[in-house]
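Read from first to last, the chains carry the letters A, B, C and D; within each, the first residue is number 1.
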C-alpha cells in the first residue's frame, strides 16, 4: 500500500503523528499515579474513579447530554424540512447560502449576537438558551448533508408519488424520508457530536447554574493541570470515535464536506 | 521492411487479472485502425500502453523501428484523445489547444499560428476565448481533437471518441474524423466497443477478446469471413446454429441442413453461420417454421422465425414481402454462402 | 456616586419581534424581608470562584435549612459581572465578587441592602473589616475572605536574590527572565507598576497610568506568562521562580513545597476583599441571607481558613484556625491592622475604560 | 362554467403548492432569521450606541466606536491577528495539501480509513487538545525532558507563551478542516486531466503545477476559510498557549463583552470579523468560477 506513495509518506504519517502525539500523551498520563502533571510515577486508574465521582463533571456531562439531544432533535427537524424545501420547492442560491451560513459563521460573532438577543428579550439564560443556539448551527449542518443526499436522489420519485395521488406531505413521509434516512442519521450524529463539544456559544449563552461539560473543562483547564482532565479526554475520545464510526457507516466522510 | 507501428508479444497483468495476453499487431502508416471489442477486452489498456500511461510487463512496441517503450509518456510522438475529453476547465479553448505546443517550448508566433490554424480546421476559432464549460458536447469533442492533432503526432489515439455524443452528432463527427485523418495524414488508432462505428470508419479492425486479438481484417472481410464464432457473433446480425457435421450435411436439433465443402472433419461439432440477408423465403426450403414477430427498420424488416432450434432464426426481408405473423415460412439459402466454424 | 438609570434596548427587541413595547423594571426599594419565611420553599443559585468553598456546602446547607442550592463557578470577577449586569434576571441570588466590583454593582442599584438581623453570625465580623473603602459599614456586602497581593517565590531557586520590592519582579536579574508570571486581571496587572512608581492603586491620573503602562510593557519581556490561576503550580514545577500572587493562593504552593515563600513588597500593596452580595433580583432573599449567615458560622468559615488557606474577617473562625496554620503559612498571620495599612481597591467608574485600554496595550505589545 | 371550475381547481392546486412550500421552508428560515439575522442586526445596531458606565448601552448615537476601532492599538491587534491566523492557514495548507494528496493515492478502502484518522482527533474536546500541548511543550514537559535526556540541550527551551505557540495551537486545532476540502477537491479531478497534460508533453511536475494544483484551488480556498475564520476569532488558544501575552481579535471581542462590558465597541469588532468572512467568501466564489467555469455552491 505504501510503496506507491513514495515521498508522500512523509507528510501523511507526519500529519498523523502531529495530530495524535498530544492525544497519546494525554491518554498515557491519564493512567499516571500521582497528580504531578509532567512526571510519570506509576500506573493507576484512580483518576477515572475521581472523574466519575466528581459532581461538577457529572453535572456538566448531564447538561451536555440534554443540550446535545434536544439541539439534535430540533436541528434534524428544521434542517431536513429546509433541505427538502430548498431542493424541491424553492431553488435559490441566496436562500441556500443563508441556510448554510450558521455552519461556517464565526462562532464568537454568533455567540455574542445570541447573548445580545437573549438579554434584550430578558430571557433568562439556561440550558434552553444553549439548546436554541446549538440547534441553529447544527440545523445548518443537517441541511447541508440532507441537501447533498437529495442531490443524488431522483426527484421523479416524489413526482411519481404525486402522480399516484399522494399529497406533498404524504410523499415526504412515505417517499422522501425513507430515502434520505442515512443522511438523517449522519446529520443527527454530526449535530450530536458538534453540540457535545461546542464551547464558545455555550460559554456565552449559558446560564449560571447549568454548565455544560466543555465549560466545566474550561474552568478545570484554566485552574491548572489536573490528571482528571486526562482521564476525561480519554473517555471523550473513545465516545467520539464510537459515534463517528457509526456515522461513517451511514455516510462516507467524503460526501459530507 | 517492417511495419510503421509494430507491437510484439505484449503482456500486461493487473495482479491475477490478465489485461493483455502476448499480443502482436502491426499497423501501417496513415491507416485508420480500430481496436474493437467488448468492455474489459484489453483494448483501452493497449491504447494507454501506446500512450505510455500504462506500463507493460513484457513485449515490445516499435514505431518506425524506434523503441517506444523506452520513451517517457510526455516524450512520445503519440497523442491521445480521452473518452472524457479531459479538457482543462481552468483554461480557455485556445489555451487548451496551445498547451501541448507550449510544453515543446516553441516560439510564441508559431504556437499562435498553429493553434489558430487547427481551431479553424475544427471551426472553433470564434470560440477560442471561451471556457470549456460553455461549449456543447460536439464542440468539446472538437477541442479535444484539435488539442491532440495540433502536436502533429505520428499516431493519434482516440478512446471511444464518439460515445458521449448523441446519434446525429455522432455520424457527423464520424465523417469529420475521416476527413481530418485524411487531411492531416496521421495514423489514427481508435478504440470502440461499437462494431457499427468501427465498421463504418476504420480501414482495418482488430477484434479483441480477453486480452487477445481474435482477428485483424478489413471491415468487409470481417463481416464476410469471421474467423471464430466470437467474431461472427460480435460483428453484425447473425444466426449461429450449433450442431454436428455428418458426411454430407449439418445436424442441428435433429434437422439436417445442407452444407458446402468444409475442411472440418465429419463428426466434429461446429457452428453454422448464416447472415439474415442470405436467407430467402419461398414455398419450400431447408427448414420451415412459424413467424413469431417482425421488426421494421425502415429499409428492411427483420423476421423472427421459430424453426424448433434453440434460438429464433433471423431473416431480412423487404417490406412488401413480409408475411403475416403466425404463417409458416420456408427458409433456404445458398450453402456456399454459409460459413462453418469449428465449435471448440 | 452618581446613579445611572440603565437603558436597555429591550423595547427595540420587543418592537422588532412582537410589535409590543416592554417596560423596564422599577428601581424601587425592596419590600421588607420576612424573618419567618419557609426557607425550604426557596431555592438558591450561588455564583462563586471555583475551588474557593467547601465542596459539600450545598448539601450541608440544604440539610440544615431545606433550601436547594445550586453552586455555579466563575473564573473571574468579570465573568460573573457580565452576567449580573447584562440586564434582566441573571438567575443568581448570591454572588461572590471582589469589593470594588460589589461597589460597581451597588452603584447600579443591583444589590440588596443586607438586613443584619437575618445574619446574626455577622457579629463575628472583625471590626476593621466593617470599614473597607468600597463599602463603608458593610451595608450591601459581607466580606468572605480578605488579604493582600505580593510576590510568591522559590527561595531555593533564588538564593541571595530574595525579592523585597516590586522592582525585583518588574526588572529582574537576567537569569530569572522567562521564569516570572504576573496576574492578568486588570487591577492586579497594574498594581506592581503602580506601587513601584509610588502611585495609588486606584489612580485615575492619565500621566501616571501612562508611566505604569511603559513600565509594564518593559516588564513583559521578562515574563513567562500572565497567569491568574496556575501560577503556584508553575512555582512547584520550577517552570517559574517568582510570581505575582494573592497571599492565599501562594499558600497552595507552600503546601506542596516548603521552599515557596510570600512577601509583601516594601512599596506596599493592596487590600482586597472577596465579598458576598445578595442580588436585588433574587426571589429568595431570606434564603440568601441565611446562606451568608451560614458562611459566618464559626465551623464553616474556619473550614475556609483551614482548607482554602485564606484569611477571613471572622474573629471566631480565625481564632479557631490560626494557631495551627501560622507556622506553615506565615502570611496567615498578617493582622487585620497590618492589612488595613495597605490600600483598599475601589471601583473606578468611568476610568475603568482607561485601565482596560492600558491592559489591552500591555498584553498585545 | 367548465372554465371557471378549471380555474378554481388550478387556484386550489397553487394554494396547495404554496402551503407545502411554506411547511418546508418557513420553520427553518424563520429560525435562522430570529436567531441569526436579528441578533446580527442587534450587533450592528449596537455599533452606533454608547456604552453605559457599568455595562449595557445608552441610546446616544455615535460613530465613535468606529473611529476607536481605527486607533492604531486596535488596528495593530487586528493586523497581528490576521498575521497569526494567516500563518496558521499557510502552514495548514503546506502540511494539509501533501497529506490530502497522499490520501488520494491510497486504495479507496484505505482512503476512508485515513480520512477517519484525520477527522477523529477533531472530535475530541478542543480545550483538552489545546491543553495537551502544554503537557508536551512546557519547560518541564515531555519534549524538553526528552531533549535534555538525549543531551541535545542542557537548558529547557521555552516553546510556549509566544505567538509561535499560538500559531501551532491553531494549526493543530484546525488542520483537519484544511485536509478534508482539499481531499474532496482532489478526488473530484478526473485522473485523465493529469494524463492529458502528460500526453501533451508536460513533465509530471509540470502537470501537477499547471493542472492538478489549479484544479484543487477551490478546495484549498474552502480549507483556507475553514482554518482562517475560526483562527482569527479564537480566544482560547492565545489564552492557554499564548500565556495571555498575545492578544487576538477574538480575545478583544470576548473581553469587550465579558470584561470591559463595552458592548458597542465589541460589536464593531464582531462586525469587522463578519465583513472579513464575507470578503473571503466573495473571493472564493470568484476563484471557483474562474477555475471551474461554474457558479459556486
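Everything below uses one rule, namely that a contact is a pair of C-beta atoms (placed from the backbone, for glycine too) under 8 Å apart; a residue touches a chain by one contact, two chains touch by 3 or more.
Because the structure is predicted, anything quoted here is derived from the model rather than measured.
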Checklist line | If a chain touches chain C and chain D alike, it appears here | finding: A
Check: If you walk from chain to touching chain, how few steps can bring you from chain B to chain C?
Finding: 2
Next item on the list: Specify the chain most distant from chain C by Cα centroid.
Entry: B
Check: More C-beta pairs touching across which pair, A-D or A-C?
Finding: A-D
Next item on the list: Compute the distance, rounded to whole Å, between the mean C-alpha positions of chain A and chain D.
Entry: 16
Margin query: With centres defined as the mean C-alpha position, give me the chain A-chain B separation in Å.
Written below: 55
Notebook entry, point to check: What is the distance in Å between the mean C-alpha positions of chain A and chain C?
Noted result: 36
Notebook entry, point to check: Taking each chain's centre as the mean position of its Cα atoms, how many Å separate chain B from chain D?
Noted result: 53
Check: Which residues of chain C are in contact with two or more other chains?
Finding: 8-9, 12-13, 17, 86-87, 237
Next item on the list: List, in ascending order, every residue of chain D touching at least 2 other chains.
Entry: 34, 38, 42, 46, 138, 140, 257
Next item on the list: Give me the residues of chain A that touch two or more other chains.
Entry: 37-38, 115, 117, 120, 218, 222, 225
Note to self: Dump the list of chain pairs that touch, please.
What the structure shows: A-C, A-D, B-D, C-D
Check: So in the complex, which bits of chain B are touching chain D?
Finding: 51-53, 73-75, 78-80, 82-84, 86, 88-90, 99-100, 103-104, 131-134, 147-148, 151
Margin query: Show me the residue ranges of chain D that touch chain C in the complex, using the header's touch definition.
Written below: 34, 38, 41-42, 45-46, 49, 51-59, 73, 76-77, 80, 138-140, 158, 160-161, 243-247, 252, 255, 257-262
Item checked: chain D residues touching chain B - in the complex, by the definition given at the top -> 190, 192-193, 195-204, 206, 210-211, 214-215, 290-294
Checklist line | chain D-facing residues of chain A, complex | finding: 1, 4-5, 8-12, 14-16, 18-23, 25-26, 29, 37-38, 77-79, 81-82, 84-86, 88-90, 93, 95-99, 101-102, 104-110, 112-117, 120, 132-133, 135-136, 139, 143, 167-169, 172, 193, 197, 199, 204, 213-214, 217-218, 221-222, 225, 229, 232-233, 236-237, 240-241, 243-245, 248, 252-254, 257
Margin query: List the residues on chain C that touch chain D in their complex, please.
Written below: 4, 6-9, 12-13, 16-17, 76, 78-79, 81-82, 85-87, 104-105, 107-108, 178, 181, 184, 186, 220, 223-227, 237-239, 349-350, 352-353, 356-357, 360-361, 363-364
